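One structure, as structure tokens, below. Some questions next.
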Amino acid sequence: MDYVFDFSFLESFRSEIINGVRLTILLTVVSILPGFALGTACAVGRLYGPRWLQTAVTIYIEAIRNTPLIIQVFWLFFGLTVLGARIGPFNAAVIALVINTGAYSAEIMRAGFQAIPKGQLEAANCLAMTRRQIFWNIQLPQAAELVYPALVSQFILMMLATSIMSQISVEELTGVGYQVQSITFRGFDVYLVIAVLYLALATMLRLCLHGAAQLAFTRLRKLRTPL
Amino acid sequence: MTVISMNTVHTPVAPQDGAQPMVSFRDVHKSFGALEVLKGIDLDVMPGQVAALIGRSGSGKSTALRCINGLEKINDGELTVCGRNLRARDFELRELRKEVGIVFQSYNLFPHLTVEQNVTLAPRKVNGLDAAESRALAAEVLEQVGLSDKASSYPEQLSGGQQQRVAIARSLAMRPKLMLFDEVTSALDPELTGEVLRVIGKLAAGGMTMVLVTHEMAFARQVADLVVYMHQGRVWEAGKGTMLDDPQTVELRQFVGSGL
Amino acid sequence: MLGVSLDQYGFLVQGAFWTVVLSLMGFVGGTIVGLPVALARISRGWFLCRASSAYVQFVQGIPLPVIMFVVYFGVSIYGFDVNALVAAAIAMTLYSSAYLGEIWKGCIQAVPKTQWEAGECLALTNLQRFIYIILPQALRIAVPPTVGFLVQIVKNTSYSVVIGFFDLTYSAKILNNATFKPFIIFTAAALIYFAICFPLSRYARRFELRLHRRNA
């Protein structure tokens, strides 16, 4: 039990690690909003859409939620390559993350829409607002606020899930770790550091999302209501 | 006070010459599944009149009120509101709702918006008012309900009575020709009821046409031009407020006697 | 069939077998560790509460592939021969214990407080109250989310591909390298995952609806 830690790789591979962190953040940031938008659209389609749309959305959600992300990524990346569509690993990763997060946020947002009291819609209808106006001004803000904590958890899970993208050669943080350990043979030390970096990223993302909530939900900010 | 047979209505305030009723029920039927809730209602409310629907729960009074702005669809008969036939082929529900305001028992204020935003949302989105216009409008209607100082508060910061007054202001901001009140004080503590009733009384005095479902007998007697006692899905007795002092039917006598 | 031989489909099924094995190991391990975590999370002891909370936040803030790597390399520095199955099982145990601990904590807390008070009136000790009154009720509440999490476990065993554990995902990856038929192979793999996960998801949802109806 005389293991000696050696973190000297932090110095020698500094720029690689920083690039890995950058790529992880980039993957996360560009996937969150489209994923949320897709999820919201699907929730709406499943709740209020015509029969065929409800069925289609349900199939999409169940297919994604009951298969691993990594299989979805392989399917998309290798499949598209065989078809001759060279969209590149980064784009494939983002598309996979958006499709995946969309399915999960769809279920979260659906719960949010269903939790809005019926009286809210009745009141808005009686004020002669159109379906569209009611959606944007009443339903969406209220549903998003109700389920925001669940959305935050989902987005953090998505950030963590970017760690498998090195499997299709997107060299995010975990992928950089693999390269570093294959050169230094300090796998344990390297991945301890990587783990700490992810913890920091998760904490940062949580703080950012809570900050975004303070901006988006004016009432919570003014009344200092915790989410 | 005259005794009236079932399904006919005596209109106590003499209508002005040629005036059309604001609300007109003709043999209106409404069922929920197999349950017939309205069994042929006839009722006229003239412009400027205040009509109070009273009766036990299950008598159909709330359903009748909700039919007026299309929250419930009638199954049979004819219902005309603000000159629009609700069963006409070219009937536009949204157009009707621009002219008819409704206040609910449970307020249904939008919790994520301030009082002012609650009041101005529909005028801005539906009627296209700009920021300055809607701000002035909010100031005006909040003044009317005595809540000028609460414009930037959120609903959860207000008492029940204040929330209900905001709900009234929200309806008024659409400049309705007709206001409906659905048991608006039933959810309130007795000490908060007065402030809401005073606002409604003021509106009535100002000439607003309104139909209200209420349990407040004293209030109905005082402000209503037309009191309509509903029983088992029918208009059982109707007349001026004084009808309550001298009920002609056993049912109304019992109802008044029960102190409801 | 579709340009992929029966043997090759058999290869996928073989991988699926190890996916199930790893899932079960992860679930059993997660239960053994997760139950104490849940109890520690609701304990009144300051240290237990803090320590268990820190454990949960730690595990939930680190991607499972990274946990896999840490365990994989960690085991090796203590001189053990690195077996991918052992490393993956330990990683799955860490991962699922944190989530299961958090889920079960919620279930225990979901039992109405009055039930504790009622137990007090019957002069039961703390332990007796927990075992005879709270636990049976919490268990019922816990069934749907636990089964639901089982789906997460099955899906997330696929991350063991990063340390080279032979499971369904790994076998599909190898097969794809050999045949270059990604759509067919990964669709087949996805269907196998779906066949395992979907019944569990459905059962969890059904059971939850039943609980809701009973309580309504």
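Letters are used for the chains, namely A, B and C, taken in the order the chains are written, and counting of residues starts over at 1 for each.
Basically, contacts are C-beta pairs under 8 Å (C-beta built on N, C-alpha and C of every residue); 3 or more make two chains touch, one makes a residue touch a chain.
The model shown is predicted, which means the values in this text are computed figures rather than measured ones.
With respect to chain A, maximal separation of chain centres occurs for B (centres as means of Cα atoms).
Nearest to the global CA centroid, when each chain is reduced to the mean of its CA atoms, is chain A.
Centre-to-centre, using mean CA coordinates, chain B is 56 Å away from chain C. Centres computed as Cα averages put chain A at a distance of 48 Å from chain B. Centre-to-centre separation between chain A and chain C, using Cα means, comes to 21 Å. Note for the complex: chain A touches chain B at residues 117, 119-120, 122-130, 133, 137-138, 141-142, 145, 217-219, 222-223.
By the touch criterion given at the top, residues 58, 60-67, 69-70, 72-74, 76-78, 151, 155-156, 158-159, 161-162, 169, 172-173, 176, 180-183, 186-187, 189-190, 193-194, 197-198, 201 of chain C touch chain A in their complex.
Those residues of chain B that touch chain A in the shared complex are 69, 71, 94-95, 97-98, 100-102, 104, 106, 108-114, 121-122, 125-126, 154, 156-157, 167, 170-171, 174. Put simply, chain A touches chain C in their complex at residues 1, 3, 62-63, 65-72, 74-75, 78-79, 81-82, 156, 160-164, 167, 174, 177-178, 181, 187-188, 190-192, 194-195, 198-199, 202-203.
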